[in-house]
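Have a look at this one before I ask anything.
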Amino acid sequence: MSTPAANFSEREFVIVQVSRLVEDKKIYWVGGGGEPLSSVLLAKRTNMPNLQYLTEDGVVGPEAVVPFDPLMTMISSRANYRALQWSTMNYAADLAHLGYVDYGILATLQVDRYGNVNSTVVGKYEGGEGRRFGGPGGADSIAALAWRTILVTDQQKRKFVDRVDFISSPGFLDGPGSREKHGLPPGTGPWRVYTPWAMFGYDTDCQLMLQAIAPYVTVEQVLDEMSFKPKMAKKIEILEPPTEEELLILRTQIDVGGQVTDRGRWVELRDGKYCFAG
Amino acid sequence: MSTPAANFSEREFVIVQVSRLVEDKKIYWVGGGGEPLSSVLLAKRTNMPNLQYLTEDGVVGPEAVVPFDPLMTMISSRANYRALQWSTMNYAADLAHLGYVDYGILATLQVDRYGNVNSTVVGKYEGGEGRRFGGPGGADSIAALAWRTILVTDQQKRKFVDRVDFISSPGFLDGPGSREKHGLPPGTGPWRVYTPWAMFGYDTDCQLMLQAIAPYVTVEQVLDEMSFKPKMAKKIEILEPPTEEELLILRTQIDVGGQVTDRGRWVELRDGKYCFAG
Amino acid sequence: MRILEEGKGEYLKVDPDSYRAYVRDHKPHEMVSKLMSEKEAVEKLVHDGDYFAYDCNYFQRGPASLIREIIRQRKKNLWLCGKFTYVACAMLVEAGCADRIDIGFIGFGPWIARAVRENRCKIYEYSNAIMTLRLKAGAMGLPFLPARSFGGTDGFPHSGCKIVEDPYSKQPVLLAPALNPDVAIIHVHQADEYGNARVFGTGITHQECALASKRVIVSAEEIVSTDEIRRDPGRTSIPHFAVDAVVHAPFGAYPGTVQGYYASDPEGVVEAMGAMFRGDFKAYLEKHVYSVNSHEEYLAKVVGTKKMAEIRRRETIKEGYGA
Amino acid sequence: MRILEEGKGEYLKVDPDSYRAYVRDHKPHEMVSKLMSEKEAVEKLVHDGDYFAYDCNYFQRGPASLIREIIRQRKKNLWLCGKFTYVACAMLVEAGCADRIDIGFIGFGPWIARAVRENRCKIYEYSNAIMTLRLKAGAMGLPFLPARSFGGTDGFPHSGCKIVEDPYSKQPVLLAPALNPDVAIIHVHQADEYGNARVFGTGITHQECALASKRVIVSAEEIVSTDEIRRDPGRTSIPHFAVDAVVHAPFGAYPGTVQGYYASDPEGVVEAMGAMFRGDFKAYLEKHVYSVNSHEEYLAKVVGTKKMAEIRRRETIKEGYGA
């Protein structure tokens, strides 16, 4: 049942990677829908049935019925089915303030060396000249209050920048000590960044560090798709590809319509090696 | 049906007086049980069926089933029957903060010239030498936040003092402007003090003013039972005695066991005049 | 308690004392029937220039029919509480109803971007949680509430938040200014004619919005008796005295869902999202707002009984959504 | 934000960061069964010297059986959260379990008065609402919450509250320090084995106590399945991860009431009140606490099946007290 898959999309790859980080004994706050929620739903259906997560609408530990109608990842009967508790947003924020959120999972538009997240504007903020996006939403609270934040983003030069154009949600801001200086609780911050090509952690100086790559890319390819050079782990690991079982669950139960995964390139196993398809 | 009663206790008199102040279109926060709650329950059963009150346990607009078991004036099925909303204490305080509480009604142990209320200690606080009581409870919030506070107390020298031994719940503190100085919202404060013998209001300088007396006492008797001389209204009114109807409801529906009213002296109508019995 | 940092964004004046006086003088403390049509409620209670909050959003148990009515009545210069929402802010800006937005999360779209560039719309930056906290402060009658988030962001300087030295821990802590909107609209499962209202399931800030706002319109899927409310007071989410108008609006959240009652209409959701992404709500507003005079007419002519039956049928989960 | 006035009363240290770390390291984030006996729960979770909060009181849906167990185990040097309560503080002081009390309202009685005079018990002054607000601040993970009451009282100087200049309105506003008790006990209608708990009807601060406190014991009239909890998540008052022990305690509030389940026992109430007013709990404690080894034995030997049947029968009102 754990046969490595021969065919999968980059998106599927990243969802599977994040799902494997998830632990039964921890509580997650999942930002929005997309990859973060798919990862958690996948984990719940692979080997973590007791996994608990909350979302912005104050739902605690639901047993969501998938798939969802478009955008219906919160305040909907399927997303909130058989929860342990229903409440409202300030309650979710209270739990996060209290330290109950072990991990936050966020999809991000743009991320920088210190794990700061931009979901507000690409380009210049003043005068409305840049390209404007929706704002931090619930991500700011997750990034500020979860003990460890897992970010999911694309491996693209414009998304992986030395300094985000606008800090919508805090990473390590300017480095060690600066979160606390601005009133955020100590011991928190970004922990991992996943892209379809790589996994990053953080060094003790709070700077991004490449730790592992996908089996279908090289370190050079990854670095080419970043606007800055990250720190490098002593040994760069190779991430395990999705298994057939994981993909089956993802495709038939969670992302049935392909809304989440139907972007990015496809990967195939060719002559015992993973490479981009076509 | 509105025959003046020929026989009643001082306690019954004061409950009836306060009940007549109550208005259908206002919201009351009733402190504890005793006279304040009895007055409101009586009002609800005379001519104000839609009267709404809340209590410390976050009940909004109950249709209480009387009588209650001893002390069961809150968090009990009879006291909270058919409420409009059930919640908890912080919610009651929120409503009071918001200005929803038109009137607060409080029974007090000791009250002073400025309407300050003592329910903490009679005598010296330091060293525990004075006689100690239970503390402000919910009364402090009522006294601070209700637009108008109605106090109920005994007409006794030791209860009616120039300055209370300990301000448990705020009246006008030291006079005009001092509530605001200590963070209390403007436009609030004590409004009436009822005793079995008299009704007091407040002058523009925030000092207690005798406005009316019971038909069975004289102004001199009232003043004799105060440790200070209050301001006097231009005309001292005579309070109307309870009616037979009011007493019937009070005795048969509300204070059936006599727990609330079975203290103080009895009053009777003798030769067309009210006087103390016996 | 030193102020360490201050945002410079304009914010609705914090004045809990005036709000208290408003509550005393204008909120309906007595039980009076407030049933009225959407038209009447919006005419009476939504004023040009208001700070305006709607709870939830156009797709998720939001007051979609009331938002359409506000657009239909061509309200002007609203200041929007833009938290946890997709298309409604963009619709309101494009329809000419709004010119300021406090942002937690909104579907921004090219139209708002254009309006911002042309200085027709001002943006202030928050997060969803800070906006809901501001409403909570407003609903508690307090001037502010502290929080441990939002500091250090680039949104902070464009907000009304401050960072002070906590006099207890001596650590920096953020303060969020209380928000008391002029008007709020909230869609609920059930309400009685006085405004005692029940929301089943999760939500964003329905109770906070109702208690924090000067004028409150509740639209309800079902009007129930006050006896029914009194039968289960633990289910009451909003007390009558916070509410100024009760509108009976079955399918009031369409094209969105009301959990336990009906599913969203994916087609309707995609149509609205598409208009937002294109930055062109003209056709959408024409079809869904201006072509009809009321929600009843909208249901009859635009939505249709077939669609209504279908979304009811698709909402198979009922557990937890009834008293 | 200037500090204008400061209370000088000792108060439990405000340290939200340490509480967060405690929650991360010690709260049971996973679903594990926590069913245990009262004896075991109190042995494990109530420590000498703890700051100890019980919700409601000995007469009104309070954890009366757990309070008796704490006395039976002769816990020492507890610091009591004395809000909205009659006899329990006096019992705990007289039994030698407690030597500090934060007072909102307690039945004081001559025994505590004597203990205070003899410097065996320290008193700090608050109000019920300020104590519940302190717990709320603790339950929100914040260092303080503002309030518009308690300033100007003679309790204020004996408290941990401060009055500061509100940086928004520039008016004086009170701050109440957050309270994160070491241990809290809460009696509820229903709980599952993990601690997901339901309170029906009104209450004081059950949710706040559970979320604010390091160690939490829930005693429940009924143990229900997690499926039953999941059937109606809107009824959940306390989530499992806040709870460290679940004790099945039918008639756990005796001699008090559990609304909808059983009435109070007026005789039992008067007996306890009488002991308090006399300032002599010796006979009361002997009979109701020390003469038995457990709540089960207490029900069998002291209360008796007749009394239990009677108070169940007298609780005729059920409306609103069931899921």
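Letters are used for the chains, namely A, B, C and D, taken in the order the chains are written, and counting of residues starts over at 1 for each.
The rule is simple: a residue touches a chain if its C-beta (ideal position, glycine included) is under 8 Å from a C-beta of that chain, and two chains touch if they have at least 3 such contacts.
None of the values given here were measured: they were computed from a predicted structure.
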| item | value |
| --- | --- |
| Chain labels contacting chain A and also chain B | C, D |
| Gap in Å, rounded to a whole number, between the CA centres of chain D and chain B | 29 |
| CA centroid of chain A to CA centroid of chain D, Å | 41 |
| Shared-contact residues (touching 2 or more other chains) in chain B | 59, 80, 82-83, 86, 96-97, 185 |
| Chain C, residues touching no fewer than two other chains | 16-17, 141-142, 147-148, 171, 173, 201, 231, 233-234, 319-320 |
| Topology of the chain contact graph, where touching chains are joined (line, ring, star, complete, other) | other |
| Pairwise chain contacts, counting only pairs that touch as defined | A-C, A-D, B-C, B-D, C-D |
| Residues of chain C defined as touching chain D within the complex | 1-3, 14-17, 141-148, 162, 164-169, 171, 173, 175, 177-178, 200-201, 231-235, 319-320 |
| Complex interface listing, chain B residues touching chain D | 56-59, 65, 69-72, 74-78, 80-83, 86-90, 92-93, 96-97, 120, 125, 127-129, 131-141, 144-145, 166-170, 173, 178-185 |
| Chain D-touching residues of chain A, taken from the complex the two chains share | 24-27, 50, 52, 59-61, 63, 80, 82-86, 94-100, 102, 147, 185-187 |
| In the complex, chain C residues that touch chain A | 5, 56, 59-61, 82, 84, 86, 103-108, 112-113, 116-117, 123, 125-130, 132-133, 136, 147-156, 163, 171-174, 201-208, 257, 259-260, 263-264, 266, 269-270, 273, 315, 317, 319-321 |
| In the complex, chain D residues that touch chain A | 16-17, 19-24, 27, 29-31, 139-142, 196, 211, 226, 229-231, 233-234, 236, 239-241 |
